[in-house]
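Chain naming follows the written order as A, B, C, D and E, and within any one chain the residues start at number 1.
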Amino acid sequence: MTIDLILFIAVALTAIGAAVAMILSRNAVYSALFLILNFMSVAAFYLVLGAPFIALAQITIYAGAIMVLFLFVIMLLGAEKMKEQDPVKWQRPAAILLSLAFAVEGTLAVFKKLDHSIYMNSLSGALADPASIGELLFNQYALPFEITSVILLVAVIGAVVLSRVEKKEGAK
Amino acid sequence: MNLGSEPLIWVTFFPLVGVLVILFLKSSWKNAIRWTALLTSLAVFGISLWVLGKFDAANAEAQMVINLPWFTLGGNPIAFHLGVDGLSILLLLLTTFLTPIAILSTWKAVQENVKGFMIFFLLLEMGMVGVFLALDMVLFYIFWEFTLVPMYFLIGLWGGERRIYATMKFFLYTMAGSILMLAGILWVGLQYGGFDMTALTKAGGIPVSAQMWLFAAFGLAFAIKVPVWPLHSWLPDAHVEAPTAGSVILAGVLLKMGTYGFLRFNIPLFPQATLTLAPYMAVLGIIGILYGALVAYRQKDVKKLVAYSSISHLGFVILGMFALNQLSVEGALLQMVNHGLSTGALFLIVGMLYERRHTRQLEDFGGLWKVTPVLGSLALVVTLSSAALPGLNGFVGEFSILSGAFGSKVLGSPWFAGAATLGVILAAVYLLHMYQKVFLGPVTHAENASLKDLNVREILTLAPILIMIFWIGLAPQTFLNLISPAVEKLVSAVSTAAPLLH
Amino acid sequence: MDTTQFFNLAPWVVFVPLIGLVINLLVSGRWGEKFAGILASLASGISLVISILLAVALGNHPEAVTVSLGNWISIGNLSVNWGFRVDTLSVVMMLVVSSVGTLIHIYSIGYMHNDVIHNGDPSRYTRFFVFMNLFIASMMLLVSADNFLMMFIGWEGVGLCSYLLIGFWFEKGKNGTGNAEAGKKAFIANRIGDFGLLVAMFLIFWNFGSLQFDAVFSQASTVAAAHPGAMLAITLFMLLGVTGKSAQLPLYVWLPDAMAGPTPVSALIHAATMVTAGVYLVARNSALFTLVPAAQSAVTWVGAATAIFAATIALGQYDIKKVLAYSTISQLGFMVAAVGMGATVAGMFHLVTHAFFKGLLFLAAGSVIQGIERGAHSVHEELDAQDMRQMGGLSKRIPLTFWTYLIGALALSGIAPLAGFFSKDEILAYASKNQPAVFWVLAIAAFFTALYMGRQISMVFLGAQRSKSAGAATESPRVMTVPLVLLAVLAAFGGLINLPGLYWLETWLAHTLGETTPSEFIWLVALGSLTLALLGLLIGWLLYGRQPLKAGQADPLKKPLGVIFSGMENRWKVDELYNAVIIKPFNAFAQFLAGTFDLRGIDRAGNGLGEGTKAIANGLRKFENGFVRSYAFWMLLGLAAMVTYFIFR
Amino acid sequence: MSGVPLVYYLILAVIMFSLGAVGVLVRKNALVVFMSLELMFNSANLLFITFANFYKSLNGQVLVIFVMTTAAAEVAIGLALMVAIFRSRHTIDVDQMNSLKG
Amino acid sequence: MTLNDALTILPVIFLVAWAMIVLLLDLRIPKNKKGWTAVIAAAGMIAALVLTLRQANSPQIGFGGMIEVDGFAVFLNVIYLFSGLAGTAIAYNYLKRMDIHRGEYYVLMIFSIVGAMLLSYAGDLIVVFLGIELLSIPLYVLAGFAHPQVASEESALKYFLLGTFASTFVLFGIAWLYGATGTTGLRGIVDVVKTGSAAPFGSVMLLGGAGFLVAGLGFKVATVPFHAWMPDVYHGAPAPVTGFMSVVAKAAGFAALIRVIFIALPSLSESLTPILAALAVLTMVVGNVVAIAQNNLKRMMAYSSIANAGYLLMALVTYSNATVRSDSIASMLFYLMAYAFASLGVWAVITMMERQEIKGVEFMDLAGLGKRTPLVALAVAVLMLSFTGIPMTLGFWGKFYLFRTAIQGGFTWLAVLGLITSLVSAYYYLRVVVMMFFREGESDLKYNFWAGVVLFFSTLCVLVLSFFPGTVFGLASQATLLLK
């Protein structure tokens, strides 16, 4: 067992552990924090896999901006805790079973049917430098890039529509 | 081709002219609407006489054919293909003959939304005529399914107490059959080169294994429509709830679409399957004859009684068609017309009773012959016609069917006809029972003592049917001549397709 | 004069009555009762004239002539014409029908005048004559047809008239529906017989390839050789038709009930003509029957059994018309037995004479009944005018009726030299030679005949008047009595037509029936039967006439015969038996089908499909529980299933 | 980490996806459900990056950028929606959003 | 990006620009005159329609294969734009009545159309993903447009959560496909599979990815079991939104499915066909059967919409059969068109009938409609018959063609099953007719001109076009021929 593998397992376990903790946390604030931890560990993988730019973006945008937004909303609404009574009795065990089965099945499929002898490349940072990503974005991926911009615009409009409160008589 | 001089175009679509005119009439001008509808349907009848005039009785093929390409499906043309031959000419005439009568019967009975009623009625006529004339399977299916819609509304809007139940049942039952027919049509068309009836009949060559399934798919649609026992349970409800004119057309024409379908599709297209299944179909027909008669006998509602009698009568038609010889098939065709006339007239009479008494329970009547002698006498003739009294129309048909079936090689045994002949006794039982309960005996209800006898309009509605009842009974050859070449062709086509007969 | 021209008149025997009825329908009573009655009688009379002309023509040209009016049905190899067959047999029937018919029409002018008043609906007068004319037309069609199918029209047509006329007073009778029920019963019983005839026709058509009499009879022997089974079936199914129409065992039950019709109807249809159609059928088809001995003996025994069975019942009846009705059944048994044995001529002979004397008896009975009714009217008494226990001593009140009745009764009993003696004797003579067993049965039946006639005469006309109405009874008008007298003459001298030694009828019919066994007059048999008849009458008189019955007194035969008499009185409970064995189970079965099987079975099966689908729908609806997480669960489940299939398939 | 087989990364992604799914299926708090969805997005991203490494192409990385942006847009909408719902219902318990059913 | 590339998506660019203009103009339009916003938006859509139609006969490829402009796309885009126009027409009065008249409604609708158009152009999986997002995000907002109405909010939340859940499926699927082939271009995937360079992973990864993708797209078109969102969302969303969504989202979803399955995954037909058939069966059966238990017209239409997805899936089932391949796409387009007409017409009526608390239209509310507004009721009846598939309506031909391709493609049993379920559907469609015509009642319909236009135009098309099935089908099949 190489050191790489040990490191991988450690980080992977962190990621999985954080994910599990996120699901199990009663408090939504903890959930958010665990999710940030998960994002961080995934970012570590990105770094290792030769995507330093993405890793950075993951930490700044996801773990940073988005999750802060989440925390902000949680705090704003005061909705960090709610009664954990399940109105659909069968749902929780069935869901856990199903997901477990799904995970096991996926793992087995990957494990059994795919080649184990393929190892990851160690890439130099040069391949993934922001400049070449930028080039791709503005050439080959110009269209998706533009679409995402429209999507963001729509999101802005949507957020405005959804959060505007009409001041009208009779409305509670 | 100059479509303006094609009688079949006119006879099919002339009702639309009436519909158009009625659309522009105010709905409060009830009489104008009624007259428009009546005159339209009379004109259609006139046009159908024009068709009759041009019809060459000696020719077994489809005549006055209109064949306009419409579109293609998988390389197979689907055409606007109309034509009339011996199998359809009588039913065409029956349709155009009964429609004005049915319209005339609504003069007083339908007071609400006359405009809608007449529009649906004329649309129905168009659909029915189209069914009998279409020679393209897809076109046939279109007309076939289309007739459901106006009938659905006629029952649903102008029907009796349980009209919603009845009309839904009618629609769903009929559709249940026809959806499989659609699958069958598509299958035949795609596998065996085209949707054109004439071409398909000539080509033959559908393998026997496929024939059985196709026979079932088509047959189910037709069997439900006829209805063949045990698929009949929509019929009594539909009849009881339908307005009189609707019942007349339902019994008179719509049911014939089923029997006609057997003649037009199942028998010529799937001859081997027909021969294999004929005894089973005949058995169903016989069960229908006896069962319908027995059940009719115990009904308390006159209309329901007549409805069950339809099942019995059409059992004869089924038996005749599947006995598959000249005699029985011609008898079956004639019996279709007979049933349309007799049962149509019976429904008219029930309608007249209902208009007077607002009830249809047998126990509410009695002794009416004394109060309304004209109605009683006419009802007697119609009842006897339905009971197949010799000299009236019903006998000619039933005798041909039974005597044909008796020696049928396809059925192979006289027991079929023998058992069916028992229906003749049972017909007397339930029809005389009905006649007695309504018209004979003392007047037991005070309301009945002052009923009005028929007025001129009502006599005029019944008179044409009575004339036809006697005409067919005494000189059926007028009508038989029209159909025999086509039947001969059909029968010989089936027997050549099946060497096991010879 | 070229009498063959007359043959062309043949269709008019049917058309004239039809024209008569159509005119009557159109006028519909507006021109008074007289017009309707006279018109109808005239129509019938013209038929009689035409029949006579046809007979004359046949006398010069005895071979059968067919007058065809054209094609009726022609499908494939079934081809039937509107053909009228004039031969000696059909003309005999025509003559009987039209002569008796005309007399009864005339009689009805008077009878119905009273009857419609008595029953309270004078507007129905015309209707009666319409039906009567329709009957004459149908009967003429029946006898003049040259093929089975056309004969069948007449066959069912007379049945229809019978139905209509039995139910003529459809609002009267037991519970108000008794008459209507009786009519229905008659029609349905006839239909059962017609079923047999229909099947026989199918068999004939498929075995002979035709329904024309000529074609069928000419092939009879070849077909009989080739398909003996078919021939047996044909004749036996025909026998079923005969039992229906001619009221033989086991279908006779409708005829006694048919007395619900006005008395002229009973006379014409249910005694003289229609019911003899079965006899005519066998006679017409004697060419077939003679080839099938088994069928012949079946016919014979049905006839013989009916003859004695009905005679016993007649003895126990109190209703004047019921006695005559059972007598008719019994006499029809004689005829059927005769034609069954092959004594076709004898059968036909008896048919003719029976038409005369039984027609006479019924008409006279009608006169009696109306006499009583008039009496009842004048003394304001409510009674059953047909109950013989209420009569007695009428010979003084209505002498003309009495004498004519007596002639009829004696003729029926077989007293020489009245018509009945010769015809019945011919049958007995034939039986004694060929079928001794049948002879004895018929002889006993003949004895019973005389017995119940003696009883009837004694009860009705002799002794004391047992009711006020009987005391006040009056004679019928001239228009009724004249036909009585004329019929009495016919009943008295009708025997002449086949008088032993002359055998006119036999030679006449031989043209049609071919060589028949010549009749023989056997003195021993003749004397024996005469003795029996006289004995019967005597016993009847001794029991009922010598010591006049008193009002309310039980029947003198009741004590000595006991159970047997109550059996006769109750018609051996046959109606009850049929009711229990056939009608009730039939109704119950039909009810089961209509109620349980159709509504709860078939109908519910269809609706059940719909309801089942609805139930499934409501079940599936539960999955749409409103919880987002559950929806996500379904999605994941679907995804998992799909991916599993893809990866591990 | 060239010593790690590719499949390990894939398995990790599958497990993260499943865990995200569990979160969606069992949590009542709409915000946590939403977080679980983000986790699932992330597992997909991990796949993209892994395959980008395998194919030695940057395309996979570019795709991740699009996913991130879209996710951000979704977050904007989602949070706005939840705030709006909280305003009228004073809860963001998804189990109480069950007035529409059947 | 070159000018040529831009020209290939000219309608899209135009619409985006126009939407922004509308957004800006709307700021200047006072609250009581929002009708102008609608008019301006509609004008933009009409212009885009013209631009789209100009592309009809010139198939082209843009953005390095990410965009494929062909007849198929044009046909669908026309449907979207028509639906957009209908959505505008029926919304105008409704929004005013509900007092939620905001200009953003039209803007969001246009953006949603843009997303849908991208889906029908899509030549690359990333465009598929982004198209779905661009289609969906405005719809999430529109579903909640009537907030703080409880039903509307609930509908939006359900749609949002489940929609995002489905998006993760799509994304995960794309990731696997990318992993299997190293590309996200649809044609690139085929090439890789063909040359066998897909290489180290065999077909497992490809199949797994396809499974995720089909599930995710199945959510958009609402195939069982990915359908559960639809009744609730349709129920709670404002009626005009649902009407718009019922056509555009469904058509776009099928556009994506066709693109992905027909172009990228023909090699998987052996595995994919049974799954598609199973989905079709489940969807037809569940959709139709559960619909008969509904008492709310909106929910019934939702289930009907699910059922129709099942029928449309039939066209996909035969996708590997070369003889019917192009015909089945044409049948599907034909059916979509028939569905669009009927659906828009019915939703126009629902729009006219929906009351203040967005709860849809109960069946009882329909009672008496035939008496009070006979023409509207008659039109609805025609549309219901079209849904049922009765001849002389366009719906009949839709089913006719679909079943025909199924039968010719060797799936007779599937066609028979479809026919049987269409019998079930007759029951609930006719129930609407029964309620309208055969029951007495005080129906409350707020007729307005523009919704009426949509209703009667749809009805007319349903009736009139039914006489020219060949012509319409020819149009649809021309559209598909360019696909290859």
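Simple rule for what comes next: contacts are C-beta pairs under 8 Å (C-beta built on N, C-alpha and C of every residue); 3 or more make two chains touch, one makes a residue touch a chain.
Because the structure is predicted, anything quoted here is derived from the model rather than measured.
Of all chains in the assembly, those touching subunit A and also subunit B are C, E. The minimal number of chain-to-chain contact steps leading from subunit B to subunit E is 1. Placing every chain at the mean of its C-alpha atoms, the farthest one from subunit D is found to be C. For subunit A, the chain whose average C-alpha position is most distant is C.
Ranked by how close its mean Cα position lies to the mean of all protein Cα atoms, the top chain is B. Set side by side, the interfaces C-D and D-E show unequal numbers of C-beta pairs in contact, with more at D-E.
One inter-chain figure worth recording: subunit C and subunit E are separated by 79 Å, centre to centre, where each centre is the mean of the chain's CA atoms.
Our note on geometry: subunit A versus subunit C, Cα centroid distance of 102 Å, whole angstroms.
Computed from the mean C-alpha positions, the centre of subunit B lies at a distance of 37 Å from the centre of subunit C.
Centre-to-centre separation of subunit B and subunit D, using mean CA positions: 65 Å.
Looking at subunit E, one finds that residues 126, 130, 133, 137, 140-141, 144, 147-148, 156-158, 161, 165, 204, 208, 231-232, 293, 427 touch two or more other chains.
For subunit B, the set of residues that touch two or more other chains comprises 172.
Residue positions of subunit C with contacts to 2 or more other chains are 610, 621, 624-630, 632-633, 636-637, 639, 643, 647. Listed by label, the pairs of touching chains are A-C, A-D, A-E, B-C, B-E, C-D, C-E, D-E. Subunit E contributes residues 157-158, 161-162, 165-166, 169, 204, 207-208, 210-212, 214-215, 218-219, 224-226, 228-229, 231-232, 271, 274-275, 286, 289-293, 424, 427 to its touches with subunit C in the complex. Interface of subunit A with subunit E (complex): residues 109, 113-115, 118, 138-144, 147-148, 150-151, 153-155, 157-158, 160-162, 165-166, 168, 171-172. Residues 625, 627, 629-630, 633, 636-637, 639-640, 643-644, 647-648 of subunit C are the ones that touch subunit A when the two sit in their complex. For subunit D in complex with subunit C, the touching residues are 21, 24-28, 33, 94-95, 97-102. Remark: subunit E residues 327, 385, 390-392, 396, 400-401, 403-404, 407-408, 412, 415-416, 419-420, 422-423, 426-427, 430, 433-434, 437-439, 468-471, 473-474 touch subunit B in the complex.
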